[in-house]
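Chain lettering (A, B, C and D) follows the sequence in which the chains are written, and residue indices restart at 1 in each chain.
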Amino acid sequence: MLNIGIIGAGRIGKVHTQSIVNFVRGAKVTAIADPFITPETSDWAHSLGIEAISKDYHSILHDSSIDAVLICSSTDTHSPISLEAIAAGKHIFCEKPIDHDIGRIREVLAALKSPVGQNLKYMVGFNRRFDHNFRAVRSAVVNGSVGKVELVKVTSRDPEPPSAEYAARSGGIFLDMTIHDFDMVRYLSGEEVEEVFVHPAVLVDPAIGAAGDVDSAVISLKLRSGALAVIDNCRRCAYGYDQRAEVFGSLGASLCGNDANSNAQVWSGSGATGEKPLFFFLERYMQAYATEVTEFIAAVENNTPVPVTAEDGLQAVRIGIAATKSSKEGRPVKLSEIAG
Amino acid sequence: MLNIGIIGAGRIGKVHTQSIVNFVRGAKVTAIADPFITPETSDWAHSLGIEAISKDYHSILHDSSIDAVLICSSTDTHSPISLEAIAAGKHIFCEKPIDHDIGRIREVLAALKSPVGQNLKYMVGFNRRFDHNFRAVRSAVVNGSVGKVELVKVTSRDPEPPSAEYAARSGGIFLDMTIHDFDMVRYLSGEEVEEVFVHPAVLVDPAIGAAGDVDSAVISLKLRSGALAVIDNCRRCAYGYDQRAEVFGSLGASLCGNDANSNAQVWSGSGATGEKPLFFFLERYMQAYATEVTEFIAAVENNTPVPVTAEDGLQAVRIGIAATKSSKEGRPVKLSEIAG
Amino acid sequence: MLNIGIIGAGRIGKVHTQSIVNFVRGAKVTAIADPFITPETSDWAHSLGIEAISKDYHSILHDSSIDAVLICSSTDTHSPISLEAIAAGKHIFCEKPIDHDIGRIREVLAALKSPVGQNLKYMVGFNRRFDHNFRAVRSAVVNGSVGKVELVKVTSRDPEPPSAEYAARSGGIFLDMTIHDFDMVRYLSGEEVEEVFVHPAVLVDPAIGAAGDVDSAVISLKLRSGALAVIDNCRRCAYGYDQRAEVFGSLGASLCGNDANSNAQVWSGSGATGEKPLFFFLERYMQAYATEVTEFIAAVENNTPVPVTAEDGLQAVRIGIAATKSSKEGRPVKLSEIAG
Amino acid sequence: MLNIGIIGAGRIGKVHTQSIVNFVRGAKVTAIADPFITPETSDWAHSLGIEAISKDYHSILHDSSIDAVLICSSTDTHSPISLEAIAAGKHIFCEKPIDHDIGRIREVLAALKSPVGQNLKYMVGFNRRFDHNFRAVRSAVVNGSVGKVELVKVTSRDPEPPSAEYAARSGGIFLDMTIHDFDMVRYLSGEEVEEVFVHPAVLVDPAIGAAGDVDSAVISLKLRSGALAVIDNCRRCAYGYDQRAEVFGSLGASLCGNDANSNAQVWSGSGATGEKPLFFFLERYMQAYATEVTEFIAAVENNTPVPVTAEDGLQAVRIGIAATKSSKEGRPVKLSEIAG
């Protein structure tokens, strides 16, 4: 029986906690820590049988009965808490991104090579790799149905834009939103990115532009093998969360679409109408969140490799930084320009 | 070069004429006859290079330069003109049904066994057998993908009901409308029908009921092998002409849907909307009409079997008569009750 | 906090238990009883925090701390346990069918009108009413998109046939399998059935025929308003569990298809291939099982009507008996022939 | 009655001739010219009633009975023949591109402003604008369903690569193949292109690379309004001709897919399989070819604007030249760099 501590009891911390309680045999959430924990959250935690509730995550790191932690706190705390948790000998599941700063991600990677660190599992929360649709597309690549990969296309549009304040603090769209899509390109192709070119645009909210960010972009990528990839992003999508991918290769293509609440259609004089996609990430990726945590715990229990490594976390951030540079400088940027 | 005479210059006569002009190399429409021919139709025929235009089809039958006739006149004239045309040594394409009376169909079959008749091609116009979608379903049956056929389902709904006057003269829904679906069951299954049960209903227009007909029905059929079939009909369908089929068997199923003007979709806050099906038979089956005439002419030219025989015409009418009987008597009716 | 006792710890008993543990706040499974309970099942129950484990369901009925029971035992025990549980003042969720014998169902209905019974909730487990797809189709009927209902079509095919032994004990396909589809017709149309006609067939396994049952059928129904319905059943389906429905009405149609593990497709030289449907009821209806139990518990907690009543349970069995009679006698059977 | 002369009796010249013969009332092909005309082609032309067959297109230009010409000859002859035909006072339908050289296109535009030229219709053969699917997508833009356009995505993949020899002579993929997609971006968005960036690749045939061309590319475009567009191209596609588009805007999206020979599916133990797309342009765009010629002739007859102008022809070539430059120089290229 594995004991788990949850660091950060916001939305995603709660989702993971609930997944472990509901679906993961052999693991138990025994502690939760959040500096801003509310009485409601405490009650909720108690109702799930979690007894150790704290404002300070150090209580979790110091608790020798705890085997693994899930770092679900704010982005800027991911790498420092990771370092402390490694030092404390905890296995770690860290929400993406590890950090916006490559140097600090490097510190985490270094710590994982330390005598303590090298016995620990460290997994990054790129949840979309665990989505049933994207997994099926990846499967078709792995089993050879697609042949040699030549092009990966990722559509990723959020239903509603964040506030300009959020955008200003977010690290920019490429590190905040597209980072998932960069990981998806690496996941679906099984390849590293070599060059990025961005056509950015502010089409949704001028305030986002005023805050120094953009809200729409087409990102074109060259992969190491010479294959290509392209991502289109928008911070607002009238029909809901648009999350699709397509891999094209020498033998064919594999592609997936959105999920809706049902596949029912109404046929009438005005056409054939089906439901729009599920609203946003909590709706679309609920199954993926449960699967990723389940697989993290299985990797710890069985001492097998984690499905998303710290290196994966590093590469996605590097591409994000290159994309940000391309967006600002209006030219293609090679990954080799970004210290790795 | 085959010379063709068209008997009946109504809607379907014109469709076939146009198909031959546009698509059939090696055949030429040289004559057209219709007792009610209008000046507009004459002009139209002239513009296509048809010179012999007449009110009396006998002029076509007596024209020794004409090899084949298409009988597109009113239903009650199909069998008498067929008999005359056989006597005149013409190959015949006859619109469905040959006749509503089994005895008169039998006369046509007998004439086709006469010394003159046995050298003639006689094809019945069950156009849906030539539709690209239904052909693909049939193909999957023939190539074994479906395995042993166990169930055929046919959905057949017209966009708009006929007038009650038409219904009264039509021979009833089962001989007028369902007859196509009976042929479809035979075509898709490759089997003969053994028993029919009908649940009839008047749901669209009470005047159709008052005229002694029904406007909706579910027709359940037992085939000779023990396999089953079911047809659902309605004389009115708000979203257009609904023409679908499904064949289910030991190894799987093959099924087809409707055609629309385009496959474009609009995705918006109110869902994902595609176009409704093509409006009615002239839209949906334009390709099928051209193909059936092309195949008739090819059968004449190459002296090969026609794809829809007079026997096919007979069997569909027999099933229609059995269905009418079942509808009126509220019991399953065996085909053996209907003289064949 | 509602305390729940589970009677019958087979497959479906376990599914419901797990659903309550995972998804239902405000209810707790505190006891479980099964005459053939295995050590593995006991361990599983303990791991979920269920302490009262017994071979005799009377211990549950006698436990005054238990508010509601789920009857998941073998079909022949449903009605006697229902009667005992009503007498014991427990709210009841009973798996379908209540009984194969109308008289015994009547006894349950009578008990529910007794002084004790009339304060109790009694719900029948027609899980498909809670499936996201069928609910969306029903929604389109209720919100008027379909107009006046004229035809309900239900496709229901199991992936693999039961053994002939099972078939012999099952009450026959119409009470064992089609009963769900009869309920679906009533649910989607909101109407009562007036007449049933069956075309039965043994196409899958002759041993099922030898056991006095059939394995395939088309069932045609007339509803009280004059609307029609048709169900097609097969005990074996090569591509998995086929569960679809279509409601056709004066303004259009609403229809739903199967669910698959993903919507991914592979496009290659041999066509465009998507996944087959989810295998069987445990895969397809997992969400429906959780929703139905959640709604049962909500009805108990809030003292609101249950979504599937004992009367619903009765009517589905009546139609099943009428269908069995039609199948055996080869004629349409009116519901009025079956004592209600 | 309009008399038409066909210049160039290759594949596309024949397609247009046939379309006029079959579908266009009020126009007649009276002459055809091709320097390499074969006896078979002459026979075919005679069989369609075309009497003036020549090796020299000047006979068409000098024939005062001819009102309009279709220029279907090799690309390098399009602009010189256009100039001569304008001088001869013929209305002109010219296959794309007018020329690979902007200066020579400018000469054609100038000639169209001459006293003779300004009374002539000049239409460029961007056939895809007339495809039912792309038209329906454009319709949704025009009728406001999509809102303000923010992104256009065009997928365009040919089933089979041309020979390296062809590639060497073709002007390069961007002027030979992508030119259609550049026009599609302008058509669907209703906007001009401002900047182009290309990620080119040789993934299909190294000989194409050796010939100085590429066979795969992602092309990212910025439009004048700030909206974005992206095209993906490949010269080889295992599942056939892949021609899809998507327009995304403030209120939603409109998108279209490929056409297949039928919509039939086979459902089996290995999944649900539909047909692959129609093979290539002659299959997919047969309807579009007929419609474009019909609309050209209608514009001449009614003296209304042509749906694709010489200016449209110019702009597509300019974008193609900019894309070629971007591909070679590895940087975004502004349209303003290319003399217009």
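We adopt the following convention: contacts are C-beta pairs under 8 Å (C-beta built on N, C-alpha and C of every residue); 3 or more make two chains touch, one makes a residue touch a chain.
Keep in mind that what you see is a predicted model, and the values were worked out from it rather than measured.
A comparison of the A-C and A-B interfaces places the larger number of contacting C-beta pairs at A-C.
For subunit C, the chain with the farthest CA centroid is D. One inter-chain figure worth recording: subunit B and subunit C are separated by 42 Å, centre to centre, where each centre is the mean of the chain's CA atoms. Note on chain placement: the centre of subunit A and the centre of subunit C lie 40 Å apart, centres being C-alpha means. With centres defined as mean CA coordinates, subunit B is found 58 Å away from subunit A. Residue positions 238-239, 251-253, 267-269, 275 of subunit A are each in touch with at least two other chains. By the touch criterion stated above, subunit C contacts subunit B in their complex at residues 147-148, 150-151, 153, 157, 195, 197, 199, 201-204, 216-218, 220-222, 226-230, 232, 234, 236-239, 242, 248, 250-253, 330-332. Subunit B meets subunit A in the complex at residues 238-239, 260, 267-276. Here subunit B touches subunit D in the complex through residues 21-23, 25, 47, 132-133, 135-137, 139-140, 145-146, 251-259, 261-269, 275, going by the rule given at the top.
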